[in-house]
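The structure appears right after this line, and notes come after that.
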Amino acid sequence: MNIPFKTIHDPIYGFIELPKGIILDLLEHPFYQRLRRISQLGTVQYVYLGAVHSRFNHTIGALHLMQQAIGTLRRKGIAISDEEAEAVSIAILLHDVGHCPFSHSLEYQLMNVHHEELSVLLMEQLNAAMGGRLSMALSIFRNEYPKPFLYQLVSSQLDMDRLDYLTRDSYFTGVYEGKVGYERILKMLNVHNDELVIELKGIYSVEKFLIARRLMYWQVYLHKAVACASRMLSNVIKRARFLAMQQGETFAQLPPALNFFLQRQITTEHLQNERTAILQQFVQLDDSDIWYALKVFAQHNDKVLAYLSKGLLERRLLKTEQHAAPVSDDMLQTKRQAVMQEFGISEADSAYLVFAGKEANRAYDANKQEIYILLNDGTTQPISAWSEHNIQPREVVKHYICYPKHNF
Amino acid sequence: MNIPFKTIHDPIYGFIELPKGIILDLLEHPFYQRLRRISQLGTVQYVYLGAVHSRFNHTIGALHLMQQAIGTLRRKGIAISDEEAEAVSIAILLHDVGHCPFSHSLEYQLMNVHHEELSVLLMEQLNAAMGGRLSMALSIFRNEYPKPFLYQLVSSQLDMDRLDYLTRDSYFTGVYEGKVGYERILKMLNVHNDELVIELKGIYSVEKFLIARRLMYWQVYLHKAVACASRMLSNVIKRARFLAMQQGETFAQLPPALNFFLQRQITTEHLQNERTAILQQFVQLDDSDIWYALKVFAQHNDKVLAYLSKGLLERRLLKTEQHAAPVSDDMLQTKRQAVMQEFGISEADSAYLVFAGKEANRAYDANKQEIYILLNDGTTQPISAWSEHNIQPREVVKHYICYPKHNF
Amino acid sequence: MNIPFKTIHDPIYGFIELPKGIILDLLEHPFYQRLRRISQLGTVQYVYLGAVHSRFNHTIGALHLMQQAIGTLRRKGIAISDEEAEAVSIAILLHDVGHCPFSHSLEYQLMNVHHEELSVLLMEQLNAAMGGRLSMALSIFRNEYPKPFLYQLVSSQLDMDRLDYLTRDSYFTGVYEGKVGYERILKMLNVHNDELVIELKGIYSVEKFLIARRLMYWQVYLHKAVACASRMLSNVIKRARFLAMQQGETFAQLPPALNFFLQRQITTEHLQNERTAILQQFVQLDDSDIWYALKVFAQHNDKVLAYLSKGLLERRLLKTEQHAAPVSDDMLQTKRQAVMQEFGISEADSAYLVFAGKEANRAYDANKQEIYILLNDGTTQPISAWSEHNIQPREVVKHYICYPKHNF
Amino acid sequence: MNIPFKTIHDPIYGFIELPKGIILDLLEHPFYQRLRRISQLGTVQYVYLGAVHSRFNHTIGALHLMQQAIGTLRRKGIAISDEEAEAVSIAILLHDVGHCPFSHSLEYQLMNVHHEELSVLLMEQLNAAMGGRLSMALSIFRNEYPKPFLYQLVSSQLDMDRLDYLTRDSYFTGVYEGKVGYERILKMLNVHNDELVIELKGIYSVEKFLIARRLMYWQVYLHKAVACASRMLSNVIKRARFLAMQQGETFAQLPPALNFFLQRQITTEHLQNERTAILQQFVQLDDSDIWYALKVFAQHNDKVLAYLSKGLLERRLLKTEQHAAPVSDDMLQTKRQAVMQEFGISEADSAYLVFAGKEANRAYDANKQEIYILLNDGTTQPISAWSEHNIQPREVVKHYICYPKHNF
């Protein structure tokens, strides 16, 4: 028997079949294997014990859903060539390859660059190395390919990325409010004028999906302790960079690749000129470097750096208070004064330990490209016009302030 | 409202209630928080993508089951004082605190010591620091306490540890053959002559539990690729220690605590004399040090060390062949010769890359203390005498040989 | 061992513990055992194959949730005496005992009486027979008891009835959009000024619950084929009664108890005078009488009765068209004319086969007693004021017309 | 859109696609629609509240698994023509069409005939009516078709029937010990020399399946209260027939089709001569006739008939004692004497109320056609030779005696 696929075990979908050939080659590439060591949800694990799953697992899951979607569409008579099927599979497989350690928790911090920009750069590098075999995938990923529904399967308000991450994050957190009827939604996908649409019978599943997403945002992704830990982690990087760039700290014990990003603040502009050198350092990094760095920093004699790092290692998070209105400067100032005294630090330094912020979420945005419903008469309508439900609730903003409960 | 417990989110059991007081204090201790960064299943994640859950999560889960078990037994009239309930809860919470990074995958390798011995040493240290408040927990954990059923809840062939890890490992691997009816088993627990027993109505659930355990061993814990990766990881440590102790390699880039264990081979005897110093280093270590070390080693100029480390980083595992009989010296020799040539290494070095081994599993061992069934007439019988099922299948041994598919 | 409860197997909650004493006595009473043969969802089984579960199972499930709720509230310090706990358990156990065969599908048809009115009458009869031991339960059920939260546990917008039926109907239909986090909601219940409230942490679970309920209404309870089958069944009863009362049909083959309700049209008024006689007949009836009657009717020489009955036996439902606006008289008239011709029946008779109707659903009604949220500062707010979600969507009405696709 | 299938909602598999054409025609036939009203598990509902699912649901589920199996085998290159696929689908759809009310609980009682014999007769009748379009299906069902693996998909120790019923019965009873990894098993099916085999990787899933089956037998199908209720129901039929045939009782109130089978004892021989007449009566019957009859019988003046019927209506089952050895005549005699006195009935009559029996189960029978494992080298081995598990445990026999607890 020469079976044309390799099977891999997923906790949610069971056996996933990975087609041999370029898909499997990409999956075995070090760029992609690195995602095994990047947690999907960064600091969410501080609140949801089980949420330690990897980007690796998520993107393989999204690939699996993409294969199901392609199968469904083809059975309904939508023309998708083998080359297109492979290209859209590559695009979903690699859409997150540019994530930094701790995913969104450190995005823009290690480098001031969006992860998709890095994904594109890494895909281009792979494309060059593989003789242009990723060109169509890149074209789809940039939404330049003539059949927009292929792009929409990768990135839209109802894409395979979202279907997988809600399903998966719900599974690993145990927040079943986020569970999504992905099987039903997949079966209801269709294409109309080259755009991805959902058949009318699937409207309740889509509504449920949009609500599940909103609930996951508030219960998980934007949970106040999760947000606080992310800010603490950002401040660790910011503080370490401050020490490196302003005070000449060399951090001899740190992994060189991490040090590389602490000794300078890299932006999109740098990537244009030093792309290869920067990416070479970037692909060395994963969560283990951050955890290891926190252990080094916790012993450092800079009080701010040590306090935040120890707090993250031992889960002694800052206290987080939520407010309906923005936190006043007065309140911030009062808290900072107290911390300056207790820790014996400057006002500038106290801002690393006492800070305010906000979280906002809009589950569905009718100003972006809408989800379209395919009616029984063959016409389509945007879901916001159709659903009896108020599909687009008013945007909610929650303000918070974080500060140390006590020194330790 | 002054609620006497803190709730924590578990993906399997939902809300877990953690009693405030010593239990919560221990949970927040750095020794215990370190378990967040120790994977429960080590190299199993190479085969089962989702199996990246932590010892932290497992032991909190086992604590939860212990609380359920205490509740059930008390409702059936078994006397368990509040002090005993707390002590047995502490014992289960800390039973794995002595695990090294990657849990069983590196057990006996970093130190030649069993993890329970280390758990006891760390519990003693905590006990000293907390004025003897863990004394009863230690007495239970060592099976010196007068009510043996308390020990059996922590450690026996049907303990809270096993109930949780089968449930949890099944959830995170997705191997649902390992799923266990823990709710049903918990409800069927009882005590007879101070020994833990299971009521007759629960016999099928126990049978199912024993079978699930056997299937998990073969499908997960002893999976040939898992075993191979564990051996590769062990050989990395062994090789690094060889380089350090025989060839004066200092590994300047490594975390000092890891280096501490590479520059010497620590055994139980050392622990008697240098206990404090050794434990201080030990509690610094978690999985991140190993992942980081693999990245350092992958760049090392020692071919063996670099090959194994790179293999583990990029999941290029050695090829593993299973055999019904032990692997012959001839076969081993032939493979080693080939590797010596291909890699240009000595015979001694080739043994790190080509090696044989075996895995054995006996799901239930009637020679150990048996599981006893409480019959309707109030008498008990060992399950091996009662079950129509052959509860104790013949021991199965599987032999294997691992060797490089190719150099890279 | 003298265990004070009997365990029973529920597919959803596992072992349910039924306290010995009056609860178990009531459960074994023929009035209650009859619910084994009353389907929870009537004609839903025509669309959802698995939805054949009984009222018996639902009410035992609701009892189980009530026991959990009492436990949670007591742990939070709410005073609930043993007598009150028993009474509220009886109230939930018997709240549906007055359902007729096929539950809501035939409500008001066999008798023109609401099922709760019949539940009260049967509870009174039981109370008389048991020396007044149900008096407090009746007082709670009628919301006359001083602690309103007990009534609210039985009947409110967040009661144990709804928690169980959404959970259960979701399980048996497989429409997982209706799945409800009952465990989480139960743990978040509290009492404030003797009113049932939900703690702030549970707000997302309650939102999810309200949405789940709305989705279940549209996807299951008000599904157009379900509604059509219910109307067909109603028309069978109406037609049979017409034949009996207008044309002297005696239906010798029918079960006498069913015949009793066909030979007259009983209303609330009759119940006041002939209560005992009517109830005696009523408790004889269950789904089997209806199924058997359909087989008898399918052979009847009345075309209308036979057509509808055969249609229900062989699932040849009328065609149902949905419309956004009410169905016009013109359309109705046209369809009826066609049927008159095809079947050779009068205009009056054609109205049994061609009819229009509407379904409306409002998931949450802020005009009824609201669900109150207990905020962290100890005050409460109605959920409609608190939730960022539009908890009360505009009422949606769907109109439909049913007519025969063809004669058979 | 002209979609070539109709979707139907299954609680376990979600959307099931039913191909339009003969499959859908058969599904809509009254013979098949009747299965809606036949409970899959008969008297199991007395112990497991949820187990009220129908044969209709089971056989549609088995059809779904068959379609999956065909898809898997075709993807592995096994030649299955469209005609064969349709024929094997028909065979599985109709394999249970000959079940009587209450399925196995009344098998051999209404008629002394096995249900598969009746299935064949009804399929032949359908075949005649449909111009021979079921001929290939019949050939497969009788194992006369040249490709035995098609028959084995319908009926063998690892067929689609068993895969569905274990999955489904486990779901509706909530006895999750019976849950089966059907997806995994389906993916591991293959064909070798025209025989159905399972690939080596699936061996643990098959082991688990065999164990699950054994546990379901003891926990569900042969549960002592289930067995007792089945015997009670059989005795009701037996007693009613005795009254009809020996004492001229005419049972005017009973459904005529049921009366037909009470006034005589039909065997295979009768079916040869009066096939059409008997089948015509048979297809009228479903569970509702039995429930209705129990209500009629409960009012009968024959003490035995009334006692058993009332017991079944109100779940007052006989007391069942289990014994390791066969029940002695002495014990039986003693109990019967007591009952004769208490009820004032003859010794012959007492045998309806006091009786002994036994249940035996052998999960896997290596004497029947074995399940074969396809090894990696392309050869096959019977699972009994391969598994380290004792796949065929010793046959266990449990003896029981049933008798009235008290008169009522």
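All chains are identified by letter, namely A, B, C and D, in their written order; residue positions are counted from 1 within each chain.
Assume a contact is a pair of C-beta atoms (placed from the backbone, for glycine too) under 8 Å apart; a residue touches a chain by one contact, two chains touch by 3 or more.
Since the model is a prediction, treat every value here as computed from it, not as a measurement.
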Open item on the list: Using the contact definition given at the top, which chains are in touch with both subunit A and subunit B?
Closed with: C, D
Open item on the list: Can you compute the centre-to-centre distance for subunit A and subunit C, using the mean CA position of each chain? Integer Å is fine.
Closed with: 45
Task: Averaged-CA centre spacing for the pair subunit C and subunit B, given as whole angstrom - done: 51
Open item on the list: Residues touching two or more other chains, restricted to subunit D: which are they?
Closed with: 14
Open item on the list: Once you draw an edge for every pair of touching chains, what topology comes out, line, ring, star, complete or other?
Closed with: complete
TODO: Flag every residue of subunit C that touches subunit B in the complex, lowest number first.
DONE: 1, 3, 14-15, 76, 183-184, 187
Task: Touching residues (chain side subunit D, partner subunit C) in the complex - done: 8-12, 14, 28, 30, 33, 36-37, 45, 47-54, 56-57, 60, 171-175, 253, 255-256, 284, 286-289, 291-292, 295, 313-316
Task: In the complex, subunit A residues that touch subunit C - done: 176-177, 179, 181, 204-205, 207-208, 211, 214-215, 218-219, 388-390, 393-394, 396
